[in-house]
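Before anything else, here's the structure in question.
Every chain is named by a letter (A, B, C, D and E) in the order it is written, and numbering of its residues begins at 1.
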Amino acid sequence: MEDMNVEKEKQKEGTASANTGSQSDPRLIAFVCNWCTYNGADLAGTSRMKYSDNVRVIKLPCTGRIDPLFIVEAFKKGAKGVLVSGCHPGDCHYTSGNYHSRRKYATFRDLLGYLGVDLNRVEFSWISASEGNKWVAVINEFTDKIKSLPDKTTDIFTKK
Amino acid sequence: MSRIGVFVCWCGSNIASTVDVEKVREEAAKIPGVVSAVDYKYMCSDPGQNSLRNVIKEKNLTGVVLAACSPHMHENTFRKAAVKEGLNPYFVEIANIREQVSWVHEDKERATAKAVDLMKMMVEKVKRDKPIEDVRVPLNKKALVIGGGISGIQAALDIANGGVEVILVEKEPSIGGRMIQLDETFPTLDCSSCIMTPKMVEANQHPNIKLYTYSEIEDVSGYIGNFKVKIKKKARSVVEKDCTGCGECWNACPMHKNVKSEFNLNLSERTAIYVPFPQAVPLVPVLDRSVCLHFKKGGKCQKCFDACGPKCIDFSMQDEIIEETVGAIVAATGYDLMETSMYGEYGYGKYKDVVSGLQFERLLSASGPTEGVIKRPSDGKTPQTIVFVQCVGSRDPEKGVPYCSKVCCMYTAKHAKLFAHKVHGSQSYVFYIDIRSTSKGYEEFVRGTMEQDGAVYLRGRVSKIYEDNGKLIVKGADTLSGNQVEIAADMVVLATGVIPKKGSDKLAQMLGISYDKYGFLTESHPKLRPAESSTAGIYLAGMAQGPRDIPESVVSGSAAASKILGLFSKSEYEVEGTISSVNEATCVACFYCQRVCAYNAITRKEIKDRSGNVVKVVASVNPGLCTGCGACVNACFSKSIDVKGFMDDQIYAEIKSLAV
Amino acid sequence: MKTVLNEQSRRNFVAQVESMLHDKLSKCYQCGKCSAGCPVNFEMDYTPNQIIKMTELGMEDTVLNSKTIWLCVSCNTCSTRCPKGFEVTGIMDVLREIAERKGITSKTEKEVQMFHEVFLENVKSHGRIFELELVGKYKLKTKHLFRDMFLAPKMLEKGKLKMHGETISNLNQIAKIFKDFE
Amino acid sequence: MANTKTDEKLQKIAKDLLESGEVNLIIGYTKGSNPQRMRPVFITKPEEVVKLTFSSNAVQDLAVFLKKQEVKKYGKIGITVKGCDEKAVNALIQEYQLSRDNIKIIGMQCNGVIKQSLADKGETKVSETTVYDKCLICQEHTPVLYDFLVETEEPELSISGNVKPYAEIEKLEAMSAEEKNAYWAKEFDKCIKCYACRQACPLCFCSRCIVEKNMPQWIDTNSEEPGNAQWNLIRAYHLSGRCIGCGECERACPVNIPLMLINEKMARDVYNLFGYKSGLDINAKPVFGVFSENDFNDFIK
Amino acid sequence: MKLAYYPGCSLKGTSFEYEVSLLKILEAMDIEVKEIPDWNCCGASAAHSINHNLSIALPARNLAIAEKDGFESVLAPCAACSNRLKNADYELKRDDILKKKITNSLEMPYDSQMSINNMLEFLIGVVGKDKIKSMVKKPLTGLKAASYYGCLLVRPPKVMQFDDPENPVTMDELVSLTGAEPVDYSYKTECCGAINSLSKPDVVMALTGKVLYDAKNHGADVVVVACPLCHSNLDVRQKEIERKYEEKIGLPVLFITELLGLSFGITPKDLAIDGHMVAADRVLKKIEELSK
């Protein structure tokens, strides 16, 4: 909670009124499934928990629909961090969407790392509809982590 | 050209206190294609909805974005309102600025900026929305029930009583399943055949039920509303419609010693032509060709044929394939008892007087091999001391299965109780790890076995059973007293656990429904959709889903039936239109989409030219089965498949709208 | 009997045992099959399943001073039949080893413990077992001079007791093994 | 050097196949105008089989032709394949691009093929310094599946272990993200988006590649960063768990991007993660068509 | 295949009869085994009881020497030794860190490729039933033999990988090959308590007594074993047990190699059967009579 207050102070001091997408105020994009994580995020809301406002959520039916292409596109459009989140293994609303995607993510992530993308910038999580607190923790930690990265993150997505 | 209306909801102060709703509205108005932007105190209220409808009408909107509470709250409300003005319901999108903005952030400026982002994102999405029509699938109002045990019979009767035709298919020569093998039932001790037989007869005589016994499912294709089923009616060698069940044939059969009765679990013999048990339904014998002398000795023996009055024995009968079209299916394939041969230490199979729980049921049963008198299989003597061993195979990941079989605690208590009732002065000992007696009257029943019927319960497993001087020495432990215990018993009953019926995995594959690693059929949702399989139109009942007792099996049969009656109460089955579709021009038929589809919704489609030559093979989506999860899109390398409601170009536009 | 659980020491003990055992104590669900089949249960002060539970509860003193750990004959009946595949025999080895390392001498079963010690000394000095010397030293140490003595004459007569032991040639290597692992 | 006995056997098989009508087309190698280079040949008449030959200069993966409509129209096809190329055939069967019934596999035992660059300079000896890296890690000197096998009479490839195949992979793995990025930025900078890598790949069989899809245009098509990187990223991703390591993409690349360093790395990772190697079993389900409940999960919070 | 032979300490001492009879029948069958040079004690139960690492390192030395000398297979006739060797091999396969420590200490590599056979595995698996059958000259028809497996041959199954741990049959099969009749009884795999033979004689006598009385009650003329420790308890302590339980037993205890030797027509003397504490005279006489 204290961190949150400090965060708030910082934001007030800052001149930016909107999330600028800079390294100090990074834009995060979260691709979440409709059934678990989106509901988990809603629960954080109905529980009036507070968390970093750097994140923008894009809702999809299932982690099975969340394509690595989306991650690439988000980085291309200036996101400093991309989160993918869905139902825990075994809880997929569509039985196996998260299992199939998990394989793809594990591989894609290796490939990104090998090609020089800082893997601190891509995060995956399983957040259930009852884990509002986990959503808050994941978003806050991820935001902090991204902010702590060196400014000069050049990688294959950046135009030189 | 899009004509989008944006409606920003205050939600009283819930949104408005943290988000500058006017700012959001102003930003919305600037977006190309947005022809109307309003804010209102409560969009979900009647006046709010009316204003939404008015704007749709007046401005002739092609799409609506509500910046309001979570779509899980009011998406449906607003869609319904839009439909009333002739707008396709899927042209309504929600930007969640309450649960995911105003309630979780505090800095008003930044929260407003985020709300604007989300609103813009949804405007971009709605611009690309395509009209989606819900899919209507015609229904063949006939149901197939697979398995004629208690849950299958219950399901069939309930459906039939609802006025719907049912086909009931049973693998064995008679319906009745496992329940008809039981003696009395816990916790009320009513006689199983007394309550089961009337149900079997009712199923047989019901005008809406067509019964196929000694029959198996050969093939299933199609989808909800329209399953094509092939049933193999195995050659019974007896013409069912002519047979009177008089019994002259099996009385005449010379093979009366060497064939073990499956129904009595090898505790007695049967003839080559036989009914499995006297109350069989239908009461028509079946001729077991694998042991019949007529078939083994080149047609010489035909004693049954000679004995039969109506001459209904037909040695030349062939297997028959029957095709049926049904709209819904119930899988109630039941269970088997676990094999205990892996327990060398318990000597099952080696010592005749070590029997399984179901074998003991037959020994208790008045219609069983001993006519209800408890006799040891080895020498026919009545045992005075019986040791019951619980959790044999269950809760044993090393040799058996890790799960609890649920019914063994109760049936063992029943066994001990009935043993006490039948053999006065006898003594039973029960080795248990935990007692699980959680339904109505169950705990009292178990206590009664101990307190009134004198069964001694020992908390521990048995390590070894061996024979000594005609007695079975049971070496167990009682962990409560911390002692090793040896009991000299006349008989040992192993409370063997339950496993899915052999072959139920094969059937599941045929049906395209999922099953767990043990072979139990899995529910669409373990809590909220316990009667449905993962495939639309296929329902589950009974032990095929996992260990359960008789009342639960009956309930599940009824649940499946009520689901089907509900389904059939409409003229057509409606599926949400948010399903996948294939771009046939670019599809190369690698079928990764099919591999990842959990619903078997992807099929092979051949595109033919005018003369009927196949020019191309492509993937095709079955609208009755697709649930719109989108896993196929992720699997497709060339993006030749897309899912309505979450199309690739929409996601792309959403991401683009968030560019910084 | 009352046991006050100290979470810190409980965790330490459990961690020590589990790391040596390559198995998890929480796997045991106390069905008692180990105790049911144990051939020497009748002599033990605690049944094997009790030893497992007490270890899990961190009752270090009780288990390390129990008779049970020394009476176990390592026949593996328990592990073979354990429905959870738990290393029941293994835990006895582990507890004996911990007791030995801590210098705890069993009050009631010191003969067993001493036999193992004398046996290993014998291996250390010859590389192989010289039975006569082993028995002699064991008797001296336990002061059970006359136990089993009546067997000796006939065994000598049959040629079962050799008067000379064999010593291996590369005794240095044995010494090194002992140095590295003792 | 062409080995006459090998060629005789190969030609006999091809002739029989064509004469009996079991196949309508044989895809094989024939000598090019440059004796150290071989080129593909398509034979439909039994009398033409004399053109067929095989040697350590048979570098190209002929399986690439199986995806072409011009070839497909022949229906039943016979193909000459080395162990590596044969895996492509298997992968195509696994992915329903080819029916096992329509293909006769003439498996060529192979002890490695000489690098084109060296062969051009006159190298004729197969040794660990002259063959491609893929040959040094090859486990399929004899193809895993074939209808006919033509044994080699050449000596086994002796491997001392001094030449480390794909040594750069370990070096790259040890680098920091910045260093890796710098390495690949330099490589991808060269890319001219000619898509030769795609054309040469037997498993790039989409009729419309993802880069050619607009609405939405996921991959930038401009031939400069970051479009180049995206193309290379997606190409590698689409081949992860599928690439059989024939190395044709790298050989086809006019600007010498070391594509096999990516392909091989991903093959290793997929094997480590899921225990799957592509193209070894026509009955196996492709690695991204299945899952296990126990799949690697450590990277997910 | 070169076959290594690991006799172990007992076969060079109290159970010399085992080695004598073993070498005799191998000679008769023309099978050559080579003793592992400079082998050391496996540590027996003492090592694993109080020092896990030592209990791996001691057998590991023998395995490493055998491997260095080019052996691929080792025969360990003593059930305890084969148990410890197999156990060491198992642990070295699953614990890389320990393996490194031990091979460092031994200054020898070990590749974990050695096939380790107990006596019964060797006879059935390496020699083969057909070969044994062809050797039988004097079938022991009419002799009732109770096979006693004890613990170490079959348990723990995941390490031993030999026969059914609850209902082993290998020794009974060998008994049948000799023409004798296997006796089914309940204590085949119950423990004799060997580990505490010297330290807890009372316990051991209780356990051993049950085995002997049960075998006798099931009509056995003789008990057959493949373990020197079992033999010591059943044979050496038999008189004492008779005294303690005040009931005569008089069951000769033969090694499986001796039983096979008899059926091969080798004389009892050559098989060192006279080295046992319980005289086998009566049984030998019965065999003679039955064969007439």
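Here is the rule we go by: a contact is a pair of C-beta atoms (placed from the backbone, for glycine too) under 8 Å apart; a residue touches a chain by one contact, two chains touch by 3 or more.
Remember, it's a predicted structure, so these values are computed and weren't measured experimentally.
Between subunit B and subunit C, the least number of touch steps comes to 1. Looking at the partners of subunit A and subunit C together, the chains they share are B.
Taking the mean Cα position of each chain as its centre, C sits at the greatest distance from subunit D.
When each chain is reduced to the mean of its CA atoms, the one lying nearest the mean of all protein CA atoms is B. Across the two interfaces under comparison, B-D and A-D, the one joined by more C-beta contacts turns out to be A-D. With each centre defined as the average position of its C-alpha atoms, the distance from subunit B to subunit E rounds to 54 Å.
The distance from the centre of subunit A to the centre of subunit E, with each centre set as the mean of the Cα atoms, comes to 65 Å.
Centroids built from CA atoms put subunit E at 22 Å from subunit C. Taking each chain's centre as the mean of its C-alpha atoms, subunit C lies 60 Å from subunit D.
Multi-chain contact residues, meaning those touching two or more other chains, occur in subunit D at positions 218, 288.
Counting partner chains per residue, subunit A shows two or more touched chains at residues 73, 96, 100, 104. Under the contact definition stated at the top, the residues of subunit E that touch 2 or more other chains are 165-166. You'll find the chains touch as A-B, A-D, B-C, B-D, B-E, C-E. Interface residues of subunit C, counted against subunit E in their complex, comprise 20, 22, 39-40, 42-43, 71, 73-77, 79-80, 89, 93-94, 96-97, 100, 109, 111-117, 119-120, 123, 126-129, 131, 135, 138, 142, 147-148, 151, 154-155, 158-162, 166, 168-170, 173-174, 176-178, 180-182. By the touch criterion given at the top, residues 345, 391, 395-400, 433, 459-464, 475-479, 482-485 of subunit B touch subunit C in their complex. Remark: subunit B residues 343-345, 350, 466-468, 473 touch subunit E in the complex. Against subunit D, in their complex, subunit B makes its touches with residues 585-586, 588-592, 595-596, 635, 637-640, 648-649, 651-653. The touching residues of subunit C, counted against subunit B in their complex, run 29-38, 41-42, 46-47, 49-50, 77, 81-85.
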